[in-house]
Amino acid sequence: MIKVGIIGSTGYAGAELVRILMGHKEAQIVWYGSRSYIDKKYYEVYQNMFRIVEDICKDDNLAELCEQVDVIFTSTPQGYLAGVLNDEILSKVKVVDLSADFRIKDVDVYEKWYKIEHKSPQYIEEAVYGLCEINRDKINGNTRLVANPGCYTTCSILTAFPMVKEGLIDVNTLIVDAKSGTSGAGRSAKMANLFCEVNENMKAYGVASHRHTPEIEEQLGYAGNCSVTINFTPHLVPMNRGILATEYATLKRKADGSLPTYDEIRAVYDKYYKDEKFVRLLDKGVCPETKWVEGSNYVDINFVIDERTGRIIMMGAIDNLVKGAAGQAVQNMNLLFGLDEAEGLNLVPCFP
Amino acid sequence: MIKVGIIGSTGYAGAELVRILMGHKEAQIVWYGSRSYIDKKYYEVYQNMFRIVEDICKDDNLAELCEQVDVIFTSTPQGYLAGVLNDEILSKVKVVDLSADFRIKDVDVYEKWYKIEHKSPQYIEEAVYGLCEINRDKINGNTRLVANPGCYTTCSILTAFPMVKEGLIDVNTLIVDAKSGTSGAGRSAKMANLFCEVNENMKAYGVASHRHTPEIEEQLGYAGNCSVTINFTPHLVPMNRGILATEYATLKRKADGSLPTYDEIRAVYDKYYKDEKFVRLLDKGVCPETKWVEGSNYVDINFVIDERTGRIIMMGAIDNLVKGAAGQAVQNMNLLFGLDEAEGLNLVPCFP
Amino acid sequence: MIKVGIIGSTGYAGAELVRILMGHKEAQIVWYGSRSYIDKKYYEVYQNMFRIVEDICKDDNLAELCEQVDVIFTSTPQGYLAGVLNDEILSKVKVVDLSADFRIKDVDVYEKWYKIEHKSPQYIEEAVYGLCEINRDKINGNTRLVANPGCYTTCSILTAFPMVKEGLIDVNTLIVDAKSGTSGAGRSAKMANLFCEVNENMKAYGVASHRHTPEIEEQLGYAGNCSVTINFTPHLVPMNRGILATEYATLKRKADGSLPTYDEIRAVYDKYYKDEKFVRLLDKGVCPETKWVEGSNYVDINFVIDERTGRIIMMGAIDNLVKGAAGQAVQNMNLLFGLDEAEGLNLVPCFP
Amino acid sequence: MIKVGIIGSTGYAGAELVRILMGHKEAQIVWYGSRSYIDKKYYEVYQNMFRIVEDICKDDNLAELCEQVDVIFTSTPQGYLAGVLNDEILSKVKVVDLSADFRIKDVDVYEKWYKIEHKSPQYIEEAVYGLCEINRDKINGNTRLVANPGCYTTCSILTAFPMVKEGLIDVNTLIVDAKSGTSGAGRSAKMANLFCEVNENMKAYGVASHRHTPEIEEQLGYAGNCSVTINFTPHLVPMNRGILATEYATLKRKADGSLPTYDEIRAVYDKYYKDEKFVRLLDKGVCPETKWVEGSNYVDINFVIDERTGRIIMMGAIDNLVKGAAGQAVQNMNLLFGLDEAEGLNLVPCFP
């Protein structure tokens, strides 16, 4: 049985980790870290866990934690893990970091977009970007540190990945217009996230400045073996969960000037995703809906070719707390420990 | 492996049965009945089931169905099962009926409240009212027909049951003010259930005339061994799932004129529910919230004593599609086949 | 032109006052008080007011404010007005208080339920409880201080008033089960009011202890000329605006033991409300819905007689920010200054 | 007093016309047309209008209607008006058509996108596209037929208009990603619009095929004096009202290769909109939110320049039922009859 510690277990992503791990046959949470609720019963913070979790919230004493667990999930504010990580920790436990601290290889880019100094750049190189469908072969028993991808980025990258990888689109025309439920904003008490401010409302935010932009660019750059600069615009939607990414790019034309056909592009998507358990390429003509993946680790993807404009419109949907955070973190843990990648993640989407 | 047939598998309750049974280790759905979608792939009706269910929707040919399955769930309009049930069916398969056809023992009461003629009253007597926590000992391998309780009734009865059973309240003062999410209204295309009609709105309906009233009265009557006449008022709430019942009753005073204490009443609730897996008596002062049970088979219950008025206010919350329909139906199936009552029902509530 | 000052103009009720007064022909806001946003443009706090309100938020310097305005609305936390009110203020301006400070005549009751000391009990006696439909004749040019009723109380009292006034119900059986949208919780940043905590959720709160209880009891006591003790249970509903009160009481029977008829009770409601502009008695069989009054000053009321239990179920719906707060405050202002009571309040409900 | 007839008064847009015209000082509705509810009281269809509208719904007898009114609003399915319009009608009354029948000048384009035959193409030429801010000078006492713009198109066009008009963007790079509340889908009982299908869900629809696409292209083509082909992707959002358009286009660079500055582009927007009552250019850095225009005729617009990609991101928000339908129709009526363009439209946005 893998022993698990969670730092930041009382945020929404942390709580989703707890929910998912309750159904994991090979893992057991032994440390519910939560600086805000030390000594409080976990179920008093999340009453849905009443009679399910009897543990008390603990602090984030990493030295002690390292002695008790096999893997640590850090679902913490940006900068936390970079500030405390050291060789001793990495020698004793595996770390899956749900924050952005080790996602971006170029520390200058990190510091510019996140506006904080990176305190342990020496670990960036070895950290594996944990987008399992793409980096699966780098995540195994030898891996010490996994940078769990962001919610928007997971959805945005997977939706466009085969097109970029195969060089079928002009990457510099790529525009990602993303829409997210409000749990992505976290559980802290901010006026902007009050029910009456979000409900019956919709807005863009972080326009041309959102921190997930360089993360998408870096990963798609690896895929296309080129530099990628995109527009990424997140929007806040009055729903709890779900991210929908609508992505636009100009298709490269064939030698005869014609566009690739639906079947040709479908074959490319199939090439990468046909055998992926958690990626569902929908039938032709069916647009992804966030509700169809709610509570599950699926990414639903489809695309439409617009003959008039020569563009492809790609659409992807995930549950931001599952595939966009806790579910993917567990998927990474499964890979780290050589388990069935889907263990604990056979979650059937809940509708309605 | 128990073979399962569902008649009405494309309604919301039917779809929840499918979701739950996907995680049941001893049961397998072999017949997805849906008169409206015959020959259509099930996942085309519920895209959340894409890549999970590959079956085609079938008709409701019970003669054929009986040959193929061990148990039939009927999630059908009132009157359907009563219209088709016969000895042959009951000799071959067990039936768990999610409609109201066999819930009420007095056929006149049924016909008066439901305004339809009962076509097979001969089976009413043997049907067991499948409120597992109360009638568990009557649901076993010998039982042929289970009347799965209504959503409002499950919540309303369980919330008040210990008080009525122990004679601690004046049952004729009992008032049940219940609030339900919109999935309780089903998936049929009615203007009153359009998003724009329900969203940002709240109303009572079926005031003093809702069909769940006699069902609650009958069952609480058995509990209290007395005649019970109550007010039951359902309300429609702009949320997908969840029922909250707020119940009011005058406490019987002790010989010295004093009211029972919190601890005394708590002890009574504990007597009946302490060992019940799916009933959670919340800590003192914590009011049930529907979100805390969403997606699970739990009933969360608590109460407050009002010294000023001498009344007890009892509150219960369930997920109307789980404990109020499909979850309880599976719980009944487990009892019918001698399985662990919780098999397939270890569902952790999803929050947020 | 009446000059208006608002203390607490950046809360939800304050903002609704601003919205309503924009359409008032005889009043002009000259002081937007907001301790939290001093020197900030009002529209920066409420962008819906961009290009409509150009004013800057000011402090709550009452001495100065008194010199500039004819009437002050205080939409402030409990205890604020009681702490600052004095003879000079009342000699210069009229005050409409949207807080609870002067609603309850018995200072002990106030202090017990609100758990704060009342700092100026000497003004309680003269304060008029501003439920216009009932106390209209006490609100005029001579009135200095109006205690604007609470949101739940406005709805709860008006729904039951004729029945209590005419002695048709046993007041001690009265139970008020009320449901409110989330704007009633105000605009302060509390975790419990975050979108993800309220959305898809429903709960009771303040059970047997909510502060609006004694206010309802006092006013219905005046109506019935008797002591009234009730159960009042508020619930939080995932919608922005709206209160629905469902009220239960045992009907007094006639000498022959029969219940009053629908027409008889309807005549009683008509007696009090037929000529009331803002009270709409719905047609027989139509239940009030909060959406039908949204954005307006209406109270929609109806009732059902349950012959089986001998109870009447009364239902009332208001917009908590309009008739439950700002609209009624303006209605009171109109009465104070001898204007048409409906000036500025001809607001057509917005649907959907 | 202008006498108004509405054909289709019981759809959501028709009902919004009624709401708005209740506050219009120079117009009076004398004909509430509704084929579905003939002889039913209007308020029985929209209970918010109880005690406000006492009229009965009538058929769509245009011959009779023409004798009684000065202007007809047709809020009807596509093809209706084209099927019944004739010279006699146009000789007697003015017509403001909220359907798409006369919006598109090229009948082939209309027939291709709408997939219906246009029954009276002879009136297309004279119909004025009623986007008041742009075509104001063509809408006056001589105009007989106004094609009221679509909801998505109003928002999409106004948001990009100054940029296209002044040739500051490469129009062929224009991408419009639009999000709409559910009232845009109308009041007909369709399963896809049920509360439980829309709530907690988000999806794109009509990708590369939505009918508002050619309408946007045509109007922006007039603005830019060029052919325009765009991608337009609508999305369904779980809220009642509101459209948010997020638009992307590549900025033309200056001779020196630099991008235009924020101030330069702001000046262009100001040139067209500074004096427009219903267009609000927000302060720098403030993104439009649909809630801030709810219930009003405003369009809130802003933009961000992305130096990294050389694109401008333009954002616009409207209430789809007001500026996107009924409000703009009334604005057109005001122009047709020489009234103050804002009469009846001084609607303050409602928040929250």
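Lettered A, B, C and D in written order, each chain numbered from 1.
In this section, contacts are C-beta pairs under 8 Å (C-beta built on N, C-alpha and C of every residue); 3 or more make two chains touch, one makes a residue touch a chain.
This one's a predicted model, so the numbers in the text were calculated from it and none came from an experiment.
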| item | value |
| --- | --- |
| Required minimum of steps from chain B to chain D, each step between chains that touch | 1 |
| Chain D and chain C - chains in contact with each | A, B |
| Centroid distance [mean C-alpha coordinates] between chain C and chain A, Å | 46 |
| Distance from the mean Cα position of chain B to that of chain A, given in whole angstrom | 37 |
| Inter-centroid spacing, chain D versus chain A (mean Cα positions, whole Å) | 38 |
| In chain D, residues with contacts to at least two other chains | 12, 183, 196-197, 199-200, 238-241, 289, 291, 294, 352 |
| Complex interface listing, chain C residues touching chain B | 172-173, 175, 177, 179, 181, 196-197, 199-205, 207-208, 229-231, 233, 235, 237-242, 244, 246, 248, 287-291, 294, 304-306, 308-309, 311, 313, 315, 317, 352 |
| Residue numbers on chain A that touch chain B, as the complex places them | 12, 15, 19, 22-23, 44, 46-52, 183, 200, 240-241, 280, 282-283, 286, 289, 291-296, 300, 346, 348-352 |
| Of all residues in chain B, those that touch chain D in their complex | 12, 182-183, 187-191, 193-200, 238-240 |
